[in-house]
Amino acid sequence: MALSTPLQGAAMTPRRKVGTDRNVRLLGVTLAVASLFAIWTVLSITVRPWVPTPYDTALAMGRQLVSHSFYDNLFLTLGRVAAAFVAASIVGAVLGIAIGMNRKVEAFFQPLLALALAVPDPVFIIFAILALGTGEAAGFVALTMAVAPFVSNIVRSSVQARDKGLDEMTKIYRIPADKAFWVSLVPQLVPALLTAARFSFALSWKLVVVVEAIGQPDGIGAAIFHSFRLLRMREVLAIAILFIILMQLLEKGVLGRVEKRLLRWRQ
Amino acid sequence: MQRENNLIISIGAVLMLLPIWWIAYRNTNFIADPFVVAAALPDFLMQPDTWSNIAITLYRVALGLAGGVVLGTLAALAMTQSKLAEQVLAIYVTTALRTPSAIAAIMALAIFRGAEIGYIVVVMFITFPFMAVGLRDGLKSADKDLAEAAQIYRLGPLRYIRHVLLPFIAPFIFSALRNAHALAWKVIVVAEIFGAARIGFGAQFDHAWEYMQMVQVHLWLLVFMAIVLAVEYGVLRVAERHVFRWRA
Amino acid sequence: QDVPEVRIQAVAGSLGGVPLMVMEAEGLDEKHGFAGVFELLPSDSAAQNFLIGNSDIAMDNDIIGVSIARTEGFDVTAFYPVGNLYMGIVVPGDSDAETPEDLIGMNVGHFGADSGTTMFIRSIVQEMYGFDVLEEYNFSQVGPAALVPLLESGDVDAIFNFESYVSEAMLATEGRYLLQAGSDYAEFTGGFAPWITNMVAHTSWLQDNPELAYAVRDAYDEAIAIMSESGYEILREDYIVSGLGITSPEVLDVLIENASTFDYFTNEWTPEIIEGGYGFLEGLAEEGLVITEVPEGVMVRLEDLVGEPDA
Amino acid sequence: MTGNKDTVLKVEGLGVSYAGNPAIASLDFEIKRGEFVAILGPSGCGKSSMLNVISGLLPPTRGVVEVENLPLYDAGRAAPKLGYVFQAHRLLPWRTVKQNLELVLAASDVPKDRWEGNIDRLLDILHIRQFKDSWPLQLSGGQRQRVSIARALLVDPSYILMDEPLSTLDEVTARSLRQELSGIWARTGATIVFVTHSIREAVYLADRIIILTRGPSTVFENYHVPIARPRAYDDPMIGEVEADIVRRVEGAWGLEPVKPREVA
Amino acid sequence: MTGNKDTVLKVEGLGVSYAGNPAIASLDFEIKRGEFVAILGPSGCGKSSMLNVISGLLPPTRGVVEVENLPLYDAGRAAPKLGYVFQAHRLLPWRTVKQNLELVLAASDVPKDRWEGNIDRLLDILHIRQFKDSWPLQLSGGQRQRVSIARALLVDPSYILMDEPLSTLDEVTARSLRQELSGIWARTGATIVFVTHSIREAVYLADRIIILTRGPSTVFENYHVPIARPRAYDDPMIGEVEADIVRRVEGAWGLEPVKPREVA
């Protein structure tokens, strides 16, 4: 009975040896980088001068790496992204759980969340600046308000898909609600929480660029926008690429590790 | 009964915004008088221009989002089926995920010389990685038991995807879709603003903003919110209720 | 008919768009043998719209921006002047500040360090007073229109802006120019002041359409003549009031007064003027604040580029 | 309300419907403190629904359920301690066997220094001590079920509800567990409601068997098991009683005849 | 390899380990075409693991499994048709009973005009016709299990693997289904591998009972059931054979004695 279903869901893919894994990873990265590079080169020829050449961009990256202001901006922006990411993740997760658990809470917040999602980012940011001034607070509040609804959407879906049998079990064994929350509900939400964290991280960064472009004179986003206004597309790309690489390393390092640990029980 | 109660709560939540709006109007410079905005609304809605601008943006969002959803779904499937595809696509997804919307908008406009397709491509480009990430994470949590059952009964890949996998990851699909939809609207506004669109919601909004015509700004925001609410309640919720009716 | 089309853009709410409005209203395009497609675009996107090739001529580009674009490989050039420096630093009437130095350490609103307005004011202040506003002022950044209420509410002590927002701000705060970029700088240099906006086009478009370039230039000359002959009273026309987004007749009064006082439009395009422009740019390049070199071809006379017009 | 001190669970006119479809028509019975009651009924007649009502998970559609002379949902009283072996095991897949058990201990009043000992003793009884640190996904069906039994017994419950707890176990293991369960019941005096499909098991374990009709169910018979304790599983007496009950239920549950047919 | 045309399933030296821990030590047996084989073994001895190997879901750690004289994972041949009643039902909760069944029909070669008839006939046999349009979450444990049986029988399988299919059913329903299963087997000539904990059930249904040892398991005995067909469930012969097997397995599976203890 040689049964073969070509598509079996990730859970069924047999584990490969570590060595093969590494080779595949290397091949994959090489393929991706090479193809991106090819696309980039073609664009840099056809869409000149909007798309800079890889060579010019590499030089610009070098210049950025040895400039002081790059690191100053980097830390500023990382701080803003981190603050917004944490705040939006927490606010969004709490809201998402409350909405997912209770129909009335859902009825109240869902239209408000939909509206919050609908507000164009520049509007959020401008109103925050008008209300709170151009200090750090405005950016932080705008980012949190803009990102949290995304997180709560993801978490809500997962809460509603939870195994209600486990809810009943914790009720029978009189596990206190707070404990049941951590041992029964949260583990079920782990995949969604990880997705939400990825979303939150990515959106925080995208928005911080807009915030810094509109309302902050400093940071990576402001630097990118400033370069853009001066039409220095190679600088735009250089700064963006450096920051993207750094963010990626951060996400892989932190989220990747957390994920492995939290999903041990699935083997 | 339950449902009607919830509807009342929902409407109450939205109505609650009106006094907040009024207080904000009294205390800030930029918020327009809700009564003035309300008075201007009928005329605004009577103008054919209003609707043609909405229509063009709707069109851009719809096509771009559809493209993003298809692309993101394909990417997610490929990523869970092949280690190599996962590695390659992960880098593409990351690149798209981290590209600031405004930069993407300007680049697309430059590449497509301001053609209509440029706006659609931007929406697609910005929404696809979010779809891909959401679905990939959902697929990763796919139920092994059900996959085995599908294998035994030789459902084949298409039936397996359609009847086992997709329903299983439906919660992920819905949250990804909901978010991609919201994102699409945000991005189109950025794209229309930075891309110097002549028509479309973003163009009108930016124009009103440029002239500090705050009543217009508010009217456009209201229209915008109405559309997004209509999609949430007219499409997403209805579909969700249908898809999850088995939860009893 | 077969009248060739020319797409001309200006920044919405900026004075650079007024000649366009006059051309359109008075039918000057038809008169000079082209069909104008006149567009007023938001400041966020006007520049890239032009650079992408979505319009043939931009009325609101300054020579610093043209230098930057040329350095980066965009073959665009300023072929005619438009606006004088109808901008500056505005403070409310009750402000204690007398010179830009008095604003050091205070809150000042502008709409971007990369905007022509800020760049010009910055370099002029640097030259006249010897300090860098970006370092010394405490800047808040919002769009040009939003700056007015910001000044009115006292959130900022001064703003960098251009007309007609300058007039709006003056009216709203009984304010005054702390620095009028054009006249104050001219006084400082003993005559020369750069102008703020130009007609800019891609060199290739000019070479392909020399007669259209001349035609637009002529239409512009006629438009500003009409304005100045009217003592700028023409600004009271409805189409201009709405095109500029002016909210009250009082703003209009201020604007007209400012226009007559500072003579907002120009069409002097002599080799000497161009020379002066290059001199100004070179000064900037030496300071290295916004540009480090001055590329060739930032400014051209059509006569030099495409030859004298056909008779 | 009855003042009978001995009646700890009283069910009167209990009806359960799902979205208007009746699952339980009307049940009436009483259970005394320390009684071991088995529930027998055809598949789908409402046994699990009944346990869910008694445990407070499911609000009844009609009727009265009193626990210790108070209505089921009396908010004022401390809920009596309850162990429930669900028909599906309901273990937390992200906690090892030990962690699953510790979780309910933490919520009980068993002092911490007795946890390890209690867990080990029960895992021994259930013959799954070696899986103490396994994840539920690594266990066989019967092993999972036994962890679920351990969880129910661990919290010193005064009421134990069991929904076919031994159905997935082999005969030898099941026999051993039946015996242990008898012993635990005798020692602790817990009141046990035990749903099973094995009539012999019911006869061996219970004081009384409540036999239900097909769904929507009513009580078909309150069958007092006339056998003294201690009992032996192979005692011919048990076989006789079993045969007697089989006869009764065959009449009561009798399947509608199915026409002769071909199945592919 | 054996050329014996009658042997359709051959297991040689089969071993299964999970992360290095042996679950099945070594199994050897053959099954002939059309044979009805029951598997008896203590909980956790590796029965479900064995079915998973035979069905191709689980690659064996060691040993050879041949189906119709070809190695299990021979990609070249068309896989023989298989029905599998899993220990847990594995229905798709988002499809009604009917839709769950239609899904496997759609993947089979049964012509569409026969679907409805086949579904209805099977649901009748299993006494769950009235739940045709219910969602799995609306069914009782035994009802779900019966849907899972219907799914396995629906696709005209030439092999049927069943993992304790009747364990959650009441005696009356179970009897009826055993009889039906016997009939289906006789009519279709399918080869059936049937895991059960009920020794009487095994004796009633099977030609041969493969009795496994405690895990990591080996084959303890190949027990040929010496009773002619048709058989009656209450036949004293069956009781005798059952008693015989009980004696054997008690010896073979004998539980390690558990010391006397207090359980709170």
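Per-chain numbering from 1; labels A, B, C, D and E assigned in written order.
Convention: a contact is a pair of C-beta atoms (placed from the backbone, for glycine too) under 8 Å apart; a residue touches a chain by one contact, two chains touch by 3 or more.
Every value quoted in this text rests on a predicted model; they were computed, and no experiment measured them.
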Partner chains that chain B and chain D have in common: A, E
Farthest chain (mean CA position) relative to chain E: C
Mean-CA-position distance for chain C and chain B (Å): 38
Length of the line joining the C-alpha centres of chain B and chain E, rounded to whole Å: 49
Interchain centroid distance [CA atoms averaged], chain A/chain B, Å: 17
Where chain A touches two or more other chains at once, by residue number: 3, 130, 225, 267
Multi-chain contact residues (two or more partners), chain E: 55-57, 79, 82, 88, 138
Junction residues of chain C - those touching two or more other chains: 143, 146, 150
Residues of chain B defined as touching chain E within the complex: 145-146, 148-149, 151-156, 159, 163-164, 167, 170, 243-248
Sites on chain B touched by chain A in the complex: 2, 5-7, 9-10, 12-14, 17, 28-30, 80-81, 83-92, 94-95, 97-103, 106-107, 110-111, 129-130, 133-134, 137-144, 146-148, 150-152, 154-157, 160-161, 165, 171-172, 174-176, 178-179, 182-183, 185-186, 189-190, 193, 202, 205, 221, 224-225, 227-229, 232-233, 244, 247
Chain A contact footprint on chain C (complex, rising order): 47, 51, 68-69, 72-74, 112-115, 134, 139-143, 146, 150, 155, 290
Residue ranges of chain D in contact with chain A within the complex: 52, 55-57, 79, 82, 84, 86, 88, 90, 92-95, 103-104, 106-108, 135-138, 151, 155
Residue numbers on chain E that touch chain D, as the complex places them: 18, 40-44, 47-48, 87-88, 110, 118, 121-122, 124-125, 127-128, 138-143, 146, 153-154, 156, 163-164, 167-174, 176, 180, 184, 187-188, 197-199, 246, 249-250, 253-256, 258-259, 261-264
